[in-house]
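Each of the next two complexes has chain A plus one other chain: chain B in the first, chain C in the second.
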Partner chain A sequence: MGAIEPREFLLLAPEIFLAVAGMVVLAVGSIGRGLAHRTTALISLVSLAVVGALVLTVQGPAVGGEAILAGMFMIDGYALFWKGIFLLATALTIVLSMRFVEEGGYPAGEFYALLLFATTGMLFMASGFNLLSIWISLELMALSSYILAGYFKRERRSNEAALKYFILGALSSGILLYGISLLYGATGTVQLTELAARLPAAMAAEGMLVSLGWLLLAIGLFFKVAAVPFHVWTPDVYVGAPTPVTAFLAVGSKAAAFAILVRILYQGLAPLLVEWQIVVAAVAVVTMIWGNLAAVTQSNVKRMLAYSSIAHAGYVLIGVLAATEDGLWAVLFYMLAYSFITLGTFATVILLERREYAGETYADYAGLARRSPFLAAMMLIFMLALTGIPPTGGFFGKVYLFAAAVQSGWTWVAVVGVLMSAVSLYYYMGIVVYMYLRDAEDDTPTPLPSRLLAGAIGLCAVITVLLGILPGPIVELAKASLLQLP
Partner chain B sequence: MLDLLWLVALLPFLGAALGAVLGPRVDKRWTTAVALGAPGLSLLLALGCIFEYVRNVSPEPFQSVCYTWSAAGFDGYMAHEGGYQRFFVYMNLFMGSMLLLVLGSNYLVTFVGWEGVGLCSYLLIGFYYEEKFPPYAGRKAFIVNRIGDFAFLVGLFALVSRFGTLDYRTIFSAVAASPEAMGEPYLLGMSFAGFVGLCLFIGAMGKSAQIPLYVWLPDAMAGPTPVSALIHAATMVTAGVYMVVRSNAIYQLAEGVSGLVAIVGALTAIFAATIGLAQTDIKKVLAYSTVSQLGYMFLAAGLGAYSAAIFHLGTHAFFKALLFLGSGSVIHAMGGEQDLTKMGGLKERLPSTYRTMLIGTLAISGVPLLSGFFSKDQILAAAWGGSKPLWVVGWLTAGLTACYMTRLLLLTFHGEFRGSEEQREHLHESPPVMTWPLWVLATGAVVAGYVGIPRLGQFDIHVFDRFLSPVLLEVGHHGEAHHASVAVELALMAASVAIAAAGIWLAWKIYGAARGLEGGRGWAERYPAVHRALVNKYWVDEAYDATVVRGTWASARGLYRFDAGVIDGLVNGFRHVTVGTSMLSGFFDKYVVDGLVNLVGWLTQAGSRVFRRLQTGLVSQYAMVVVAGMLVLVFFVVLFR
Partner chain C sequence: MESYLPILVFCVIAAGFLVVSLLAARLLRHRGSGRTSREPYECGNEAESFAHDHRFSIRYYLIAVLFVIFDVETIFLFPWAVMFDKLALFGFIEMVVFLFILIVGYVYVWNRGALNWA
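For the complex of A and B:
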């Protein structure tokens, strides 16, 4: 390990800038109470844009892959792709939150600052190249998320969600850290490349220690991506948390967890490929079956979406499992498409929520096609995309994932994925049936409360459809953002 | 400019989407602006592309720009059917699909366009869906086309399984590289080229209304007249010809199937022409005439005279669209009347319509110096070189064509008016907005033939051949049909002029002067059996109804019983299993996980308020699940590592 150059800190300018921006938002929010929700939201959006520009200009030239700060972080194309997803997801989350924050009557600065801190953690996660730096970034994201889930502090459901999320999160964090310590014990390093280099020898000497170590590490991450049976927190937290936070958890936090799961499995644990593939396969299959079947009987839309997000984690795990370049770029493409689809879905749910939690059951969607043709059409697009029906990004996402699995010989897992996609048609189309075929109690048109939000929904829908018609450019981008494979 | 070619097909789709979104609520002017703006821009782009293509012919064969002619041609005159937003949405959708069909550089894109135009055809035939017949005709067209599409799809599967791609250039160069491999036995005693060629041809039979799948086209006349002119005469129905010509590399290696194409084409040509002799609905006559002319095109394609087929396709688009629009003008003037027996003597009241339709009639009859003469002559010359019996059939058809077209013209415009007084009052020439497209098309019907003036001695112009040359590969041993000597060519021309004159003379003899319907009635009495057969269109529809339709119904009923009894039983069984499992896992979450939780909650409710607020039982249950899951995985890995 050579000496650390100051230049290496410069390369982390986007992350540092975002952390500072979060503090500024916090300060501004505490000074001006009246208009603070607008100002802070604006500052947050602008700083996200600046960070995006910084990522491109400062880290862009290093896409070839550059390890910095003694191998703590890695700047490469893979990290950049994920950072793009995180920044877009956070920006859309802020747009989704504005009305909520305004009407909720809670301090706005805290909300946006916590979002920015969580995003900072996610950016570090994408670049994390050392189990410890990864763990600390993960905690930064997780701790911010716990508070965000409990943001409606006078609401019992919100409190409940935060507490559950925190306690179970702490448990999983402990498991994760325990796994890291076992790996360190067996190999004497937590840096990913060195880990990969020392693993074969360690396997021979301390096989049990290594196996337990990586397994506990993986379980900690399975918890974050909400894979069965480590999903138990998901339905309650998704339903209890304010809906924009739910969207953020379903997209940002899940994507960040996948970013590090893939990097650790592909780069740090590459020598154990055969061993972890079986576990990932088992978890993927159980997750897809459980998530989809449990979603079928839900009557609450947010709860259904929670199970749906569990099921989608299962699909992505299929791509992770493939451990080929095809699988990797399929995961990247899928997560990008999934982010827009899911954010659009939640944005529609937000528009329909009357007051904090009302308007969440399937029955509340009855006759929506007549009350608000726009929202019904948007929701239709998102439901088709979540099922994986062309011409939407969800279709190509699933095709790429399943094809990658088939090509690497995991056909039976892909078959389960296809069968479960068929099951998912049932509950996604349930909403469509309510929207288009059931009559509402009253036919008064639902006004669009916020043009900004409606615009965000429209944007998500357009991107969803575009990804289903012209997936090429994003596929090329994802192919240019691959990791060094084992 | 050529880079923007994709926009040509996209623009009409955008127009359709925009039109559909705007809906019927917006002002009509907006609908019209969108409906005309999108294809208009598309037309400009297409013209730009053609111009650039002609100016600097690039070494790489640029695909199929020439075919945008036919599609671009109708952009202009669809403007003149006022109104319906639904109509324009369908029309834009149709144009987008048609452009996709002809611009596609592989079979798959072509197939998507193919299905798209099929859908639009169905929607537009059944446009007046409140009446009884049009929706039925729409369904008939759709179902009959489905038979062809199925075969087309099978052909595509065969191509994919052999070449791994559907790209035209890749497939054709692979075919050209190894003609022997294409000839090896493949399936059902056919060679690969033969099998694929047959499948594609069956697809073309459906779309281009050839025996035995032609029955939908005459009924398709139930749609609005501009639709008949554009879709069911000029553009969509020629897609089958386009596809066969496009696949010429395959057909050149499949002599048997090519022969079949030629025979089916010739039979269709004469068969439909005879039916056309006795029909009394003005649009039906034109429909059978279209079927007959499409038969000509297949005759040419089957004989390997691919450029002649496309040439006739182009000239036919002009005069047939002209005739259809002219008939539309007549029907409009007659207040919706389509029956020839109620017309007559319209010449004075509809001068422009009469003159333009006269030009169209002369062109389709093959009168020298008009477009139909040149293209038909090329086909007949090819037939002479290829097979004498087919030439005879084609030659006779030319006479029949001249005869029934002259009959139509005489019954409509000459003699005494036979309609009601009310209709006589109503008679008027159509407004200029309807007549000037007629004149544009009439000009086309006159001059379109000159791009393909036949080879006579030194005068080898053949602009059209050269335009198509990148598409028409030379594969195997025989290319374009052998060219006859000047003397033979002149003799053939004379023969076709003679038979056309004979046809016109015969029609004049029967229906001419003031004789009108009376003359026809006399002939019908003299040959009652022939007349009945022709009027009833050889009872083909009835025969299909008795066999295919009823057979399908019967087997459908049988299958339904099987379905209701056996399959539904199975499906329901599966459904019960799925719902059951789903409920089980739901129950597990709800009662075992949540149930434990609720039990604790219930206990706490009974016990302590403080306890309930903290709800510690809930999280501990969750934590238990996580730890249990962890232990299972640990056990799993420890056991099997």
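For the complex of A and C:
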């Protein structure tokens, strides 16, 4: 282990800058009555832009792959692609939050500071190259998320969401850490490349220990991506959390969890490929079936979207399962498309929510096409994209995922995916039926209270459609962001 | 597997200790009579009500959490101070960064009024 050079810290400039920005927002927001919501949000957005520029200029030249700080972190194209997703997701979440948090009557400083801290954790997760640095980054993200889920502290449901999220999150982190400790016991290392190198010998000597270790590790990660049967926390948390936070959890946290899941499976547990493929296949199938079937029975839109996000975790696992280059870039492409689709959907829900939690049932969408043709059209695009109907990014995302699975011989899993997508048509189109075919009780037009939010929805819709018409550039970008395969 | 034998022995002794002490206590102890012996001990005064009928100020919780933070800070400072010569400038900078982060938190709780008792 060589000496650590100061240059290696410079490579982490984006993460360090974001952490400092979060602390500044927190400290400044606590002085007197704090800054206005808009000012705080603007500072946070500017910080994210600076971080994005830093990622490109400082870490960009290292896309070839550079392990820093004694193998704790890895700067490579794969990490950069994820960081792009996280920064975009957080920026859009801030736009979604501005009015919502202000109207809720809650302070601005802590909210944006926690968002920035969670994003810092995600950026570190994307680069994490050692099970412990990955775990600590994950905790930074998770602890911030627990508080964000309970941010509307005068709301019972928000309290419930935070408590359930915290208890199950702490449990899954414990399981994850236990798995890590068993793997360390068997191999004597937690650094991913060393782990992969020592696993075959450890398998021969301590088979049980290794099996238990990686299984617990995988279960912890399945908790974080909300895969069945480790999904029970998701619906309650998604429903209870303030809607912008729900969007952040459904996009940012899920993407970050997939970033580390894929890196750990592909790079750390590469010698156990055959074993983990079976487990991932089983979890993917159960997740897709249960997520979609449970979504059918929901009457609350946020709850339906929670089950839908569980189902989508199942689809992404199909790509992870393939363990080929095609599967990997399909995962990256899908997560990018899914992020914009989901953020757009939640932004529309936020616009329709009247007072804090009202306006979440399907019935609230009745006659929306007449009350607000713009919102109805946007929701239509997002619902089509979530189902996977062209011309939207959701279509190509699913095609790439399923194709990768078929090519690597997992045809039956892909077939389940296609069948379950057909089931999902039922509940996604349920909203469309309400919007276009049912009459509202009163036909007064729904005002668009925030141009900024409407603009964000429009942007998400445009990107969703663009990804469905011209997926080429993003596919090329994803293909340039691959990991070394097992 | 032999190397795990001491752990097994340890577990047996630990469990045995528990069983023996509980059994001994059950056999030897004075059999108390009813209500009085089940009341919380209040230094000889009669208990006026039950603890869970009362609400406690959230400040107790805040102070306890803040105490833990600075308690942990000291735990990290101590080994660093002992190893100061070996860790040299690198260790010093790392510790300054660590303290800086904690000070930001301190400034925050101060501004938010968590330290005001009134």
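Basically, the second predicted complex is superposed on the first by the 483 of 486 C-alpha atoms of A that agree within 3 Å, B and C clash if a C-alpha of one lies under 4 Å from a C-alpha of the other, contacts with A are read in each partner's own complex, and residues count from 1 in each chain.
The working rule: contacts are C-beta pairs under 8 Å (C-beta built on N, C-alpha and C of every residue); 3 or more make two chains touch, one makes a residue touch a chain.
Quick caveat: nothing in here was measured; it's all calculated off a predicted structure.
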item: Touching partner for A:164 - first (chain B), second (chain C), both, neither; value: first
item: Greater residue coverage of chain A in the superposed arrangement, chain B or chain C; value: B
item: Touched partner set for A:27, first chain B, second chain C, both or neither; value: second
item: Touching partner for A:433 - first (chain B), second (chain C), both, neither; value: neither
item: Which superposed partner A:423 touches (first chain B, second chain C, both, neither); value: first
item: Which of chain B and chain C A:229 touches, first, second, both or neither; value: first
item: Shared chain A surface residues [contacts with chain B and with chain C]; value: none
item: Chain B-touching residues of chain A, taken from the complex the two chains share; value: 160, 163-164, 167-168, 171-172, 175, 207-208, 211-212, 215-216, 219, 223, 228-230, 232-233, 235-236, 275, 278-279, 282-283, 290, 293-294, 296-298, 423
item: Footprint of chain C on chain A - complex, ascending; value: 4, 23, 26-27, 30-32
item: Chain A contact footprint on chain B (complex, rising order); value: 578-579, 581-583, 585-586, 589, 593, 615, 618-619, 622-623, 625-630, 632-634, 636-638, 640-641
item: Interfacial residue positions of chain C with respect to chain A in the complex; value: 90, 101, 104, 107-108, 111-112
